[in-house]
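Structures follow.
You will see chain A twice below: alongside chain B first, and alongside chain C after that.
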Partner chain A sequence: MPVLPYLFAAPALVFLALLLGYPLISTVVYSFYSYDIISTTRTFVGFDNFLQLLRDPVAHIAAKNAVLFLVISVIVQIPIGLVLAALLDRGVGRTASTVFRTIIFAPMVLSIVAVGLLWQLILDPFAGFANFLVKALGMTPPTAGWLGDPVITIYVIMFIAFWQYIGFCTILLLAGAQRIDGSLYEAATLDGASEVQSFLFITVPLLRNTIVVVSLLSMIGALRVFDFVYVLTAGGPGDATQVPATMIYKEAFFLGHMGYANAISVLLLFVTVCLGFLQLRYSRQVS
Partner chain B sequence: MKMLDRLRKLPPYVALSLYSLVLLVPLFWMVMASVKPRNELFGKPFNLPSVIDWGGYQRAVAGGLFHYMMNSVIVTVSAVVITLIVGGLAAYALARMQFIGRNVIYAIIIASYAIPMHGILVPLYDTLVFFKLTNTYLGMILPYVTFGLPFSVMILYAFLIDFPGEIVEAARIDGSSEIGILWRIVVPLSMPAIVSVAIFQGVAFWNEFLLALITISDDSLKTIPLGLVAFKGRYVTDWTAILASITITSLPILILFIIFQRQFIRSLGGYGK
Partner chain C sequence: MLMKSAIYGIATAVAMAAAVVGSPALAQSQSLEVWALSGPEGNYFEQALKRFEEANPGVTTKLVTYPNEQYKTAVDVGLRSASPPDVFRNWTFERAARLVRAGLATEIEDFSTEVPAGALAEFTFDGKLYGVPFDRHGKYMWYNKAFFADHNLSTAPASFDDLIGMCKAVKAADPNMIPIALGSSEPWTIDAYIAIFNQKLVPDDIRVADASLQSSADTLFTDPGYVEALDKFKQMQTEGCFNDSVNALTPEAARTIFATGQSAMTLCGTWCLTVFDTEGLANGYLGFRLPDFAGQKGASGGHLVIEDGVQISTATRDKGTYELANKFLHFIVTPQEQAEFVKVAGSLPAIPGALEFLPDVSESFTFAVEDTAEATVIATHLDTSLDREISDVYLRGYQELANGTKTSAQIMEEVRAKAIEVKAAR
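On to the complex of A and B.
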């Protein structure tokens, strides 16, 4: 019996067991308990935390925002990403393609905190240029400010998230588009198809699996949103822009409701893990 | 005719240029506004500064910005190196060795990929408290390694499974030890995958915020994202200092990205080769 492979795999397994496996099991177990950050005793409360989730108006807002974020991420980022990928693949020369690709990808290497702070300043009514542009277009900026309006602020946060991350969808779709056999496009052109028709009837259908994977990745990303909301609004105004991750953070580290925070985590884990497995399955089909 | 052909090729360039403007204008504005004298920041946002005023940069540096950057370097480099060693060893065993339990171990590592950090935040925090790791570099490094492992192992595994076995066999017949083979043959030939993992995890660790936020309260240990938030709290409306600190901290990674854009795009797109 060889020992070496076990020795090689052991460090990774120790890391995963201590800092991922154990906390994962604890999250599930302690979602049935009530305790705060300093308490030494934990009280078993059955399904109380989960029942409270059903009644908590903030949880409803967070759930609604999560669903909005998830759905809008896909319907905005995928079409824009597809068009950008097609343009980069077939619309422009090689050098231009590299330059544009670099620009489109650049925001992704910045930290979300930096991007969030930058946009906070851009959207500031006095120092920034957002209101200046909006007024130049003859429209009126929101009176409560872009980040202080209970209705539109969540969409402003989405816009900033897409601004930073559409490049990610684009690159993945571009990699898929580059695998499409060029002779298909040539044949279509000979048959009199326009570029738009080639895009709609060759690129999009042949990228179907890649589109599914990228959609799932966007959904998982949408459910993980924390930094944008924390930096831009901290969940406000009121609780209007709370998302699951900021709610977990607030309940656990501000209000000391550790058990309740675990219950939110369990629900979120369930959804994320399902999407994650789907993504792994489809990724295998793509490659 | 030629003219018409040129015109037909124009729309893609126009569309991509317009989209690029949406991305570039905020970044240029950031750099420009960061060197504006304070009284010029208001009113005409797109006017060039009348003089270059480095005051914001001086205040940002005086506020300890380089200290935050140093912390980020320490945490990121350590976490990337440990991830590569631990993940590389595991990936090598899984891809190149036969042993009982191999598939189970692989499945465990892949499954962990689906677990987001905020999904286990409270017990993860408890665990770090238990090991007395809060307010230490290790309190960030060790969780980063853990959450970086699944993806790193997947990429390295995919690379190593296609690795030419003859080279390894030849070295084995020559009497090289497994460690010797790994270090002198496998590692040099796996550089594309290693670089890919290093970039992907490096960017993620450099920018990580949530875990750092709950683990670190000591200002002398804060990484850049935490430092920027602390600045925002301290300088409140000193926009130029805040813009200057965002600019300084973003520049190194943007420059690296522009120099190594091919590797970055391959890596962040999730490709090992």
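On to the complex of A and C.
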């Protein structure tokens, strides 16, 4: 049995075990304990933390928001990304494609905190551009404010997240679209197919696997969302915009419920791993 | 021969090392890590640490700062980490007490000759001193002097009803003027109102017993004054005292709205004075305490005063920096340093003697120093005086109250349930 390959891989494996394996195992183990961030002792509580999760009304809000984020991210990001990818691939010239690709992808390279603060200014109820625009269109802005209304704020956060990540979806879908054989489109055109028909009956079916992978990536991203919510509302007003990650942060570091926070993390990890597993499977199919 | 040379070499090296360690200059070569809030407070500590280094050759310092909300979490994590701060800023009462209970903050030296006893009391637990205040803040309703003078409006409300009347008078004088600017995207801004109203509407002994969870489980937070306090805040909102979209507005934006003359009043701590001055309202504002309620059960004339201070981490005992940390604490409460703190951070000094070094302070500042010094009945922010789990219910409830998604009674029901749970767990 050759040992050398394992020796070469050993440093990376040790590194991975220390940075990933140890925290992972610790998280699972500590999810069965109750302890404060500043306490010196831990109390074993079995599955109490997981049972509390079922009863906690804030957890229900966080779960509902996570599902909303997950479903809407797929419903909104994929179709828009797909249309943009098709336009960039076949709808505009080479130079225009490069310019539009840069514009669409630009928000992706910005810091999330900077994006959050920027949008906070845009959505400011007194000096923000959003209210100015809405009023100019003859409509009334929300009385409680874009980031203060318990019903609409979560959707506003989603909009901002999509604004930043739509470019990422587009680039991945564009990469898939560029691999489609051009002769298929030529044949379709000779047969009298319109551009829309080509998109619907050639581009979309042939991008099926890429769409699935991008969808799964969007779903995993939606489940892990933290920064946007934390910067824009910190989970408020009340708990209206809590998502699992902000809840973990609050329980662990603000309320000191480290064990409970670990239990939420374990559950979130389980769901994310399941989605990751599906993503890997479809990635293999694509390749 | 070789062996002999080696032994000689090692012995020489050891002797040299001993000499170096024993030399007076390097014996003092210690480093001190201080954690504080970013912003004006951090700016002061940055300058103070430089002066401390100059006054103590061989000492190096490091300042770590975080914004207000993040700091509360960071300090908990930091104190438990492998590299905790030596000196860290903290709030008084429960926030300081919990770190003492957890063994993360250590007892400090005697400061009774430097700092007034009343100021030290907020950091004294079981008769031992665990921190020293470096500033105090009073929360006042600041008003725009020119607006009130131009419209001949009263600036001395004698009762809560008068305050509501002021809001209406402002609106009547100028419909575009916001009576009181409020930004509660961070809910502690509403907590200032509720803390003061609780002090006025709940009998003092009951309020203190509830805060420390000494009341029996069946009476905890049942006094009707608590619900009334939340109702009074809601009344202010429904009577048009505040701007719209309070939960979407940051506290900083609310200060700017007042400083730029778009609102007639705002409730803010004395740390806001520098903000108002730099944003265009220098010498154009004055303050008053929130007035009493007719027939209130709490002591009259109560006032929200906050003290901030510094504590020393228990880890300094092992690190050998305990004495240096105490030395820094003594350094920042000298009248000269307190005066520097006032100049940079704009807060009120913890040491009255600092005023001797501050000849040119504004009318508002003088008012705040004198008025805060007179405060005998003190209200404290609920997020520092209550257990974190209970104050969290309050804080979340404020935003829901402002949005109308929860009533005062519902919030107090939740507060009470949490208080019973926390009491049972202790």
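Here is the rule we go by: the second predicted complex is superposed on the first by the 280 of 287 C-alpha atoms of A that agree within 3 Å, B and C clash if a C-alpha of one lies under 4 Å from a C-alpha of the other, contacts with A are read in each partner's own complex, and residues count from 1 in each chain.
Here is the rule we use: a contact is a pair of C-beta atoms (placed from the backbone, for glycine too) under 8 Å apart; a residue touches a chain by one contact, two chains touch by 3 or more.
Everything numeric in this text was worked out from a predicted model, so none of it was measured.
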Could you tell me if A:G145 is touching chain B, chain C, both of them or neither one (first, second, both, neither)? second
Taking the superposition as given, does A:F126 touch the first partner, chain B, the second, chain C, both, or neither? both
Between chain B (first) and chain C (second), which does A:A66 come into contact with in this model arrangement: first, second, both, or neither? neither
Counting residues of chain A touched by each of chain B and chain C, the higher count belongs to B
Using the touch definition from the top, say if A:F253 reaches chain B (first), chain C (second), both or neither. both
Contacts of A:V113 with chain B and chain C, given as first, second, both or neither: first
Of the partners chain B and chain C, which touch A:V74 in the superposed model: first, second, both, neither? neither
A:G238 in the overlay: touching chain B, chain C, both, or neither? Say first, second, both or neither. second
Applying the document's definition of touch, where does A:T40 land relative to chain B and chain C: first, second, both, or neither? second
Where chain B and chain C land on the same part of chain A: residues 124, 126-127, 253
Residues of chain A touching chain C in their complex? 36-40, 120, 123-127, 142-150, 233-234, 236-239, 253-256
Residue positions on chain C within touch of chain A in the complex are 69, 72-73, 76-77, 79-80, 98-99, 102-104, 185-187, 243-250, 253, 257, 262, 388-389, 392, 396-397, 399-400, 402-403, 405-406
Chain B contact footprint on chain A (complex, rising order): 1-2, 4-6, 8-9, 11-13, 15-16, 18-24, 26-27, 30, 83-84, 87-88, 91-92, 96, 98, 100-114, 117-119, 121-122, 124, 126-129, 132, 163, 168, 171-172, 175, 220, 223-224, 226-227, 230-231, 244-245, 248-249, 252-253, 258, 261-262, 265, 268-269, 272-273, 276-277, 280
In the complex of these two chains, what residues of chain B are touching chain A? 11-13, 15-16, 19-20, 22-24, 26-27, 29-30, 33, 41-42, 45-46, 85-87, 89-90, 92-94, 97-100, 102, 105, 108-110, 112-116, 118-127, 142-143, 145-147, 149-150, 153, 178, 203, 206-207, 209-210, 213-214, 224-225, 228-229, 232, 239, 242-243, 246, 249-250, 253-254, 256-258, 261, 264-265, 268-271
